[in-house]
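Note that chain A is present in both complexes that follow, paired respectively with chain B and with chain C.
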Partner chain A sequence: MTGLLAIGLLFAASMAIGVYGVRATRLTTPDFLVASRRVAPGWNAMAIAGEYVSAASVLGLAGLMLKNGIGSLWYAVGFTAGYVAVAALVAGPMRRSGAYTVPDFADYRLGSQTIRKLCAVIVLVIMWLYLVPQFKGAGVVLHLVSGTPYWVGVVLAGSVVTASIAAGGMRSATYVQGFHYVVKLLFIAVPAIFLIVHAGDDARQEALRMDVSEWSRPLLDLEGSGQPLLATWSVLLATTLGAVGLPHVIMRFHTSATAAVARRVAVGVIVLLGVFYLFPAVYGLLGRVFTPGLVRGGDTDTVTVVLPGEIVPGGWGSVLTAIVAAGAFAAFLSTSSGLLMALAGGLSHDLSRASVPRLRLAVAAGALVAVLLSLPARSVDINVAVGWAFAVAASTFCPLLVLGIWWRGLTRAGATAGLAVGVLAATGAALASVLTDPGPGWLVVLLAQPAAWTVPLAFMVMIVVSLLGRPPEWAERAVLRLHAPGPAAAE
Partner chain B sequence: MLDRMRRERPDEAKTARVLTVVQKIDADLQDGLGGRGAASAARRLRRLLGAETVVLAGLDGPPVAVAGPGPQEEELAGLLAQAYEQATTAHRPPWTAVPLIVAGELSGALAVRGGADAELSAVAALVARSLDHAALRRARSRIAQADLRTLRAQISPHFLHNALAVIGARIRTDPDRARTLLNDFADYLRYSFSTQGDYATVADELQAVQTYLELQRARFDDRMELTVRMAPEVLPVAIPFLVIQPIVENAVRHGLEPKPGPGSISVSGFGEGPLCVIEVEDDGVGMDPAFARAVLAGERPRKAGAAPDGGRNGVGLANVDQRLRTVYGSEYGLVIETAPGSGTKVVVRVPRFMRGVVAN
Partner chain C sequence: MSGAPRRVRVTSPQTRIALSRRHRPAQHLLPLPVPGSEGDEELAAARALFHRQRRLAARTLGALGLLLFGLSGLLGGLTVLGRVTAWGFPVSWLLLMGASYPLLLVIAVLHVRAAERIERE
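This part shows the complex of A and B:
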């Protein structure tokens, strides 16, 4: 009950900020614009981190760590390191291009409606792959704190997010997401510290005991394949390069006033994410000592929520559980709102340009599909599914953005071929790994986390096909604009 | 009968091919005779006519485009001169030149070596029509720019006078405020008259709105309350120049000015997925929805008891509406929600990104 109450309060607070947050900027002095520009970098970094820290980070990371060992922390490394790539390669130029989404960028750089539509389809694929684990997380958490069946949680989550967007809950997305970052950090960090203190000396010793051959091995072994180096490399590649191509991340850089600020924001995000990822590790380490039973039950994704009750019994335990559950719910709410907005944007704006976009309808439709996909997905690990979303982003939008920004020679044909090959290879491999079981060996790694081969493949196809044709004549000017320091230098 | 029809009708594939080529020639000539596509058009014409050489020439200077083995210069010059002088087809075997008459004016010639006469005059007419289209296209974009210039020039003399009078009245009593107002006035003029670019960021537009409203507030003795609510993510969005300011000006002049007692005006902006929404709301006298519709349609209806310059009422709004439609497509026009006595709300809803829309 406490858990439901905490989640309800959190939801009410974020709705209030979403709808009335715009009014928080209410200023009647002439320099209100200057003020809002000054506020932006800090809030913006928090907003990006808030949107980015999803159920995968709050629930999935600790769960996967419990299941697969310390090597799972490479996910956290990749999630954070992705922002180094974002800051270095795309944040500033994207900001200068004026493009708000990846389909916009494709339109700007290549001037083709076909590629725009193709990009919009890929946005849908990535967003749905990313939404499913979020909804799953919501279903699992709700099941834990109130005992409702899994499907109730999923359906409820879908309706809550849709309703909150429809009611204007994302109007001031920057403030909502910033608020959610703070909530997530506090609601994960405070119980974590409390639990460390409360666990007792023996348990702390036990948690930190390293045994390099087994669970505490520093590399990540996917599905017991026996190829830890390859698996680690593939996960790192997917998460690092995937962050470059995530549609809902890219649009956030537009809040920055200038390209330099956009880069500074990206650096701020790295710091915020680095701080955050300290805490899932705490839950993973302690979970191994206190809740080893979860591994056998297959419900490792719940470890973050279960753990407080195991360590601190009684009233305080349920309060802590409620806090953590609310944090997890915040993660789910903020990320899936951001994802749904990006998805609905693609659905309503890029794929059907004819009429005035029906955004709310698109949000509802997107949420419905995500809910339907999530219902049978209970056994899929949160982080694994998110890893797929990153792998698809890394093998489609990452090459498009990186080559589009840094190479004049990119042609329409090259981009189309690369995008098509990337999305088919990455989703095909993910599907194959769900449907088949090739046994231990490198093949299972290449299917379960395909980034290691799909990313180089997509880059190669894009480059080779581009070299065969001639780039559009405005390519030079379009690229120059992306790198020119001031708008005046563009013409 | 059927037999004859079949004989007369060329086979479909050939017709389709010819029509495609004609379309492509039209596309090549979309920048006029001086455009980049002229050479490609000449090549296509040569293939279409099966001629040895095709020359596209302007009224003066060397030929714009030559496809095939080049002609003797004096030979061609003589031929063209003859064609221009008589304004009819000129023959100098093996050459033929047809003058291109675009919108009733001689503007060039098509010269061909080795081509059938009948075909040639038909093709020349086609080329002339393509050139006419090109000219119309250029004219259309000139009109859009002229619209913007009209709006810039429309800064009301009343407003200028009132602003200066208000500043003058405060110079002795409140010199600090007068100084600020004068700065606002200067900023406002600089923005309104700035000739650079067709697009500005929402932030720039709002700055102009702010300076305008500060001046109006001084006139109203601060009886007017102003609220700005902006989500920071829409500030850098590029929108057409002078879109928000005319709406606000309209709200002040036709909503608040006729209203006795205090009034308030609020400008708010937020993102809605891929769209950027800006709302300007006032609690002034409002208007009849039918009247609003007529204003947007550009009919400038007469309103009973309108201000002396009431004929100009809403020209700003109609102009903004038109420009938004030109830039973003017909579904992105202004939306006006109003009723007599209950204020007016004007909503601008535009995509955050549109190819070619970049703030300067």
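This part shows the complex of A and C:
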């Protein structure tokens, strides 16, 4: 009951901030999509971190750690390292281009409607891959704290996110997400410290016990392949470069005032993420001592919510459970709303003409599809599905943006070929990994986390096909403009 | 018998760009400069700036790759790090959980400072 109450309060607070945001908004299309670039840098970094720290970080990381071992923390390292790449490669130039979305950027740099539409389709693929595990997390947590069937949580999360986004757009989402970062950090960190104190000396020693088992190995493995280094590198490649190409993250940088501010915001995000990622590990380490039963049951994604009740029985335990559950809900709410914004952008801004009513309709349609996809996805590990979303982004938009910004030779044909090859290879491998089981070995890694080969492949196809053609005469100017500081860049 | 000269379509450089882009780009996108509006010197300066930024980005990316692949390779190769403990933690866990984030921050801060210095000059 306390759990439901805490989640209810969180909803109410999010809605209140959302409504305040609506009143502060004039609601033109740029306002709705990117808040007309008047968001303060501090809020912006918090909103990015709030949007980025999803169910994968709050629930999935501890769950995967409990299941597969300490090496799962490489996911967190990769999620954070992504922002180094963002600060170095895309934040400033993307802000200067004036593009709201990746398809917009394709339009600026390559001037092609076909690529714009192809990009919009890829946005949808990434967003749905990313939304499904969020809604799955909502269903599982609500089931745990209130006993409602799995589908109720999924449908509820879908409708709440749709309603708040459709009402206010990006402007209110910025404040809601900044607020959610604080909620997530506090609601995960405070119970974590409480649990460490209450676990007792023996349990603390046991949690830090290093043994010869695979659990203690500081590398991660995928599906028992027996190739931990390859698996770790593939996950690192996907998460780091995937962050560069995530459409909802890229969109956030356009709310910065200038390119220099956008770069600094990316650095701020690294700090916020580094602080946050200290805490999921606590739940993973203690979970190994207190809730080993979850590994056999297969529901390891619930460890963060189950653990407080196991360590602190009685009233305090249920209060802590409620706090953590509310933190987890903040995670899917904020990530899902950011994803839906980008999805709505993809559906209406890029595939047809944008207007605010149509964006609202697109939000609802996008959420509906994600809810329908989430219903049968209960057994998929949150982090594995999120890893696929990152792999697709790393194999499509990452090469498009990096080559588009740093190489004048990129041509329409090259970009189209690379995008098509990247999205087909990455989603094809993920599908194959669901449908088949090739047994231990490197092949299972290359299917379960395909970034190790799909990212180099996509880069190579883009470069080789571009070299076969000739870039248009204005290509160099379009590139140089992205790096020109000062008023010439219309900041 | 050469007759009237062939008709030639005369367009301004800006129109040629617009036509070669085939459609009008969205209003909020950065407009492309008109060819010839900037002098050779300006163009050379913009190129130099671009190349400096690109070298910097490549260096930063190299450092990032070295940190990520180096650290994971180190932890995978030196299993002895798991048997040594510091402050009660196995050293390999400490490196994975604690060392990576500050180093990532250092790489990013150094990059941003260098990039802003290049832009100021």
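Here is the rule we go by: the second predicted complex is superposed on the first by the 459 of 491 C-alpha atoms of A that agree within 3 Å, B and C clash if a C-alpha of one lies under 4 Å from a C-alpha of the other, contacts with A are read in each partner's own complex, and residues count from 1 in each chain.
Just so we're on the same page, contacts are C-beta pairs under 8 Å (C-beta built on N, C-alpha and C of every residue); 3 or more make two chains touch, one makes a residue touch a chain.
Predicted model, so just to flag it, every value in this text is computed and none were measured.
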Chain B versus chain C as contact partner of A:T232, first or second or both or neither: second
First, second, both or neither for A:A81, with chain B first and chain C second: second
Partner chain in contact with A:T240 - chain B first, chain C second, else both or neither: second
Touch count on chain A, higher of chain B and chain C: C
First, second, both or neither for A:V306, with chain B first and chain C second: neither
Touched partner set for A:A478, first chain B, second chain C, both or neither: second
Partner chain in contact with A:W43 - chain B first, chain C second, else both or neither: first
First, second, both or neither for A:V58, with chain B first and chain C second: neither
First (chain B), second (chain C), both or neither touched by A:A99: both
Contacts of A:D107 with chain B and chain C, given as first, second, both or neither: both
Doubly contacted residues of chain A, that is, touched by chain B and again by chain C: 30, 98-100, 104, 107-108, 111, 481, 490
Chain B - residues contacting chain A, complex: 184, 203, 206-207, 210-211, 214, 225-233, 235-238, 268, 270-275, 331-332, 349, 351-353, 355, 357-360
Contact set on chain A toward chain C in their complex: 30, 70-71, 73-74, 77-78, 80-81, 83-85, 87-89, 92, 96-100, 104, 107-108, 111-113, 205, 208, 210, 216-219, 228-229, 232-233, 236, 240, 260, 263-264, 266-267, 270-271, 273-274, 277-278, 281, 406, 472-474, 477-481, 483-485, 489-490
Footprint of chain A on chain C - complex, ascending: 17, 20-23, 25-26, 28-33, 35, 43, 46-47, 49-50, 53-54, 56-57, 60-61, 64, 67-69, 72-73, 75-76, 81-83, 85, 88-90, 92-93, 95-97, 100-102, 104-105, 107-109, 111-112, 115-116, 119-120
Contact set on chain A toward chain B in their complex: 21-23, 25-28, 30, 32-33, 36-37, 39-40, 43-44, 95, 98-101, 104, 107-108, 111, 170-174, 252, 254-257, 341, 344-345, 348-350, 355-357, 359, 362, 481, 487-488, 490
